[in-house]
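Pasting a structure here, questions to come.
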Amino acid sequence: MIHEHLKDRILYDGTQIRPNWALNELNIKGPSIITWIGPMNIKDIIDYEDKNLEIKAEKMAHFIVEHFDEQPANLRLCYHRQRILVMILQEELWEHDIPTKREGDDLYIGTGKLTVSVATAAVSSMKIHLGMNITSKGTPEDVETVGILDYKSLGEDDIIKIVSNVAKKYIQEIRLIEEDITKTRTG
Amino acid sequence: MIHEHLKDRILYDGTQIRPNWALNELNIKGPSIITWIGPMNIKDIIDYEDKNLEIKAEKMAHFIVEHFDEQPANLRLCYHRQRILVMILQEELWEHDIPTKREGDDLYIGTGKLTVSVATAAVSSMKIHLGMNITSKGTPEDVETVGILDYKSLGEDDIIKIVSNVAKKYIQEIRLIEEDITKTRTG
Amino acid sequence: MIHEHLKDRILYDGTQIRPNWALNELNIKGPSIITWIGPMNIKDIIDYEDKNLEIKAEKMAHFIVEHFDEQPANLRLCYHRQRILVMILQEELWEHDIPTKREGDDLYIGTGKLTVSVATAAVSSMKIHLGMNITSKGTPEDVETVGILDYKSLGEDDIIKIVSNVAKKYIQEIRLIEEDITKTRTG
Amino acid sequence: MIHEHLKDRILYDGTQIRPNWALNELNIKGPSIITWIGPMNIKDIIDYEDKNLEIKAEKMAHFIVEHFDEQPANLRLCYHRQRILVMILQEELWEHDIPTKREGDDLYIGTGKLTVSVATAAVSSMKIHLGMNITSKGTPEDVETVGILDYKSLGEDDIIKIVSNVAKKYIQEIRLIEEDITKTRTG
Amino acid sequence: MIHEHLKDRILYDGTQIRPNWALNELNIKGPSIITWIGPMNIKDIIDYEDKNLEIKAEKMAHFIVEHFDEQPANLRLCYHRQRILVMILQEELWEHDIPTKREGDDLYIGTGKLTVSVATAAVSSMKIHLGMNITSKGTPEDVETVGILDYKSLGEDDIIKIVSNVAKKYIQEIRLIEEDITKTRTG
Amino acid sequence: MIHEHLKDRILYDGTQIRPNWALNELNIKGPSIITWIGPMNIKDIIDYEDKNLEIKAEKMAHFIVEHFDEQPANLRLCYHRQRILVMILQEELWEHDIPTKREGDDLYIGTGKLTVSVATAAVSSMKIHLGMNITSKGTPEDVETVGILDYKSLGEDDIIKIVSNVAKKYIQEIRLIEEDITKTRTG
């Protein structure tokens, strides 16, 4: 599993959560975690409860994860991995003295919503999107949101560092779980 | 899924991680998280790398989780759930101003190891054990360990409160994941 | 898993068997069995052998079942559940002195076909449709059909009672199977 | 999948539900349903709730089913098949004017328990036992039981006919389900 | 599982790899291996790396395999079966003194590419296409290809014999694997 | 997945096919293919049809494969991998001008049996044993066997070369299959 941070400020519009996006658009083959900083405006919402909502923001840090290890793809496993990704982000923020509260797959600073996230699966691919507001600009008016810069002054390099650490720790976590599987007595 | 906290100071000797222990010994049917405070001395170690080690402690808070939802039982899913359980404990400790560092399924206070944990699976049952040192007494001499009381003064009620909160949040997390599955577009 | 009986006389046109229909159209989240009385005229047939047939009726009792427990969705398990649903309907009819013969997923009164049924699966959702003719009016001319009222005089309340009993027994059956899983020695 | 009815009056003692019993003891390879008439006295009970009970009878019709199609073996699917087997027996008894009531995997004539049943799974094999009392002799005193001969006078040939019909219909049901899978649109 | 060799010189355009093609177009129900001789010109390429390539040939022997046994369909298993199919073709060619080299799912005679192949899966169906060049005519100019007739003079009957042998051996291989499953101790 | 060739002339007695043997006896963690040259005398036969047979030989090349990728372990997938391993050995022998015939998981030189093989699975581990006779000495008298040295004069280095090539090609094959999964359109 590889991590690649994109320099381009791509708009997250929901197409990036489709299977094999990394291969088709970025020529990155195999399991991956792709990160970048950019706006969000989702046209095609896959959470049925949110399907008439506006989901948008001016500047976010985005994570797109794709796994192919469990065949066929398992949405239950994928949502467990989503939670682990969100909790690794929470750990990383704590280490930068940015305490957050978690409810399911959402992180909050105080009462402000910091993140959006969803997981999905197709026949052979499991995907996760996690987006963290860098500022609260451009977010929907009917939701109280917060950006990481609203809490603490950070340079873009600091943010990229946080994003990269999260990606690396996530990759290592999945690797360690696979290692644990190989050394456990079962049955 | 139910939580039950046992008053008895049961010795965790590794038999509690066998399938259907809660049903056979406690008459608790179905998925459950059983907690208690008691010593540990494992005879029958299921982590092959640790199989010649002493794993013991005088006083720990124990969690035993059993799931039957994924059939057949899936050790990969079970290790993901173990990570989520450990991270929920970490969150709860943070809220009590007890900051820990996590490496895989281990929590540390400073350089002292606070927890032990393992997951396993049989044909139809997935199980997790998580034990948190209350004191470092009685732990193996060749490992630097720490008990939660070494860091902060807490009454037994406080510890039971922490344990119960972790159990409740874990049950809620699994429930929320199942709910997320039912409202996600796939394919 | 919940049961809801709809008052509206919805046309069953095949769209109701799509994943998450209950959530999207009725705002019912999670596993469910939705029942109602209404006509049928299927545009979009998912049984490839029947794809050029007319499948219609003027008045039927409809059951739509959706499960999310087995991830990924398993069409084999779903067809087993369909058989169980059909056989529970058969049991309920027997108790109302309406004896039927079963062939696979079809019930017959004498030589008249009483029911239509199909199961399907998407990546994360398993669905069943079962429809029972209340009258034989409006059914295709090339098939010998029978309505439950052709055999026995029943009020609409009686029919709703039968439908509700079947739904409740089905929910209980699935619950009992899950309970059986948790108390069985395996391996 | 084949059916074989044994002439020998084998004691059902619980060993027959172990994986590959038909191959090891009878040299019958592959998926099978083995039937015979004989006593029951279970030493090794796999239902944890019944583990201290006496489970015995002097004369029963026994069915032992083994499947290998779903890999790895799935206890959930196996319990669905058990229900289908029990319901096929119920259908067959109805056709012989022996009406029964079903509760989960148990059939009753009036308030008398007619059958015992359990399903289990190992890594690669799914197994079902279903036993129907021919007489109530030799059954535990603390349970109200009934034998099929207590309700209706039948010769041994009639009973073997019933048993064989159930076995054949079960095999056909599983075959039809597999056929249904191959002609269903999914996704 | 059945084999059917078609007399018609159908164009392989990629639609034949869709689920249930054999049922919908040929009225062949259940698991099957369909073979024929005909041209190829794929419009709808399912290997993302090849998606802008021309994949075509004037005369090929085609194999289309469909399995429904593993539910839900498993792309990993399907690619294992594809390799087995390709290796059975390699064995058959060796027996006709046509030595080939294999790289993954491709066979070569010397440096000329003899075959194209892909596997895919939908929710309930696993499919494989394998095409072997009979001549190298009409193949893309940027790839060095070879036809079986470029290496050895064979009549159409000989080719149909090779194709039929491969189909029969593949069916037998899958059957033997299922048999091996039923006689293996596990756990 | 790693390959390790052992210098020691270990007796293959059937214990090596147990889960986690490589970890417990050789301290090799994770998926692996372990090879060595040594005698065979199996005490504990896991093919039920062979359970009363003598399975022994004086000098064989042994392969022990262990996979943990599919969770839970799948015996069907494992037997497909066994076939692929046997066919890769066949390919390698062809390249050394040692033509063999294959029947299921057995290779023959003429009418002499060259290999023995079995696959099995536990809850979390899939294992394969493949043994190739180097000489026919010490093999059971009631089976016609052949050793590779009976057909062609080879030094021990040549044999180790063959064994290592097979191991490397097998590892690459599994890797390529995983790569193919990540670039295939499904659904």
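Going in written order, the chains are labelled A, B, C, D, E and F, and every chain counts its residues from 1.
Keep this in mind: a contact is a pair of C-beta atoms (placed from the backbone, for glycine too) under 8 Å apart; a residue touches a chain by one contact, two chains touch by 3 or more.
What you are looking at is a predicted structure, and each value in this text was computed from that prediction instead of being measured.
By the document's definition of touch, common neighbours of chain B and chain C comprise A, D. Minimum number of contact steps separating chain C from chain F: 2. By the residue-number overlap criterion, the interface of chain A with chain E counts as different, with under half of its numbers used by both chains. A count of C-beta contacts for the chain pairs A-F and C-E puts A-F on top.
Computed from the mean C-alpha positions, the centre of chain B lies at a distance of 50 Å from the centre of chain E. Separating the CA-averaged centres of chain B and chain F is a span of 40 Å. We define each chain's centre as the mean of its Cα atoms; on that basis chain E and chain F are separated by 27 Å. Multi-chain contact residues of chain E, defined as those touching 2 or more other chains: 20, 23, 29, 48-49, 70-72, 74-77, 121-124, 178, 181, 183-187. Every pair of chains meeting the contact definition is listed here: A-B, A-C, A-E, A-F, B-C, B-D, B-F, C-D, C-E, D-E, D-F, E-F.
On chain A, the positions that touch chain B within their shared complex are 46-49, 70, 74-77, 79-81, 83-84, 87, 90-91, 94, 99, 102, 104-105, 118-123, 173, 176-178, 180-181, 183-187. Of all residues in chain E, only 48-49, 51, 72-77, 121-123, 187 touch chain A in the complex they form.
Only residues 19-20, 23, 29-31, 68-71, 122-125, 178-179, 181-187 of chain B touch chain C when the two sit together in their complex. The touching residues of chain B, when paired with chain D in their complex, are 20, 23-24, 29, 71-72, 123-124, 187.
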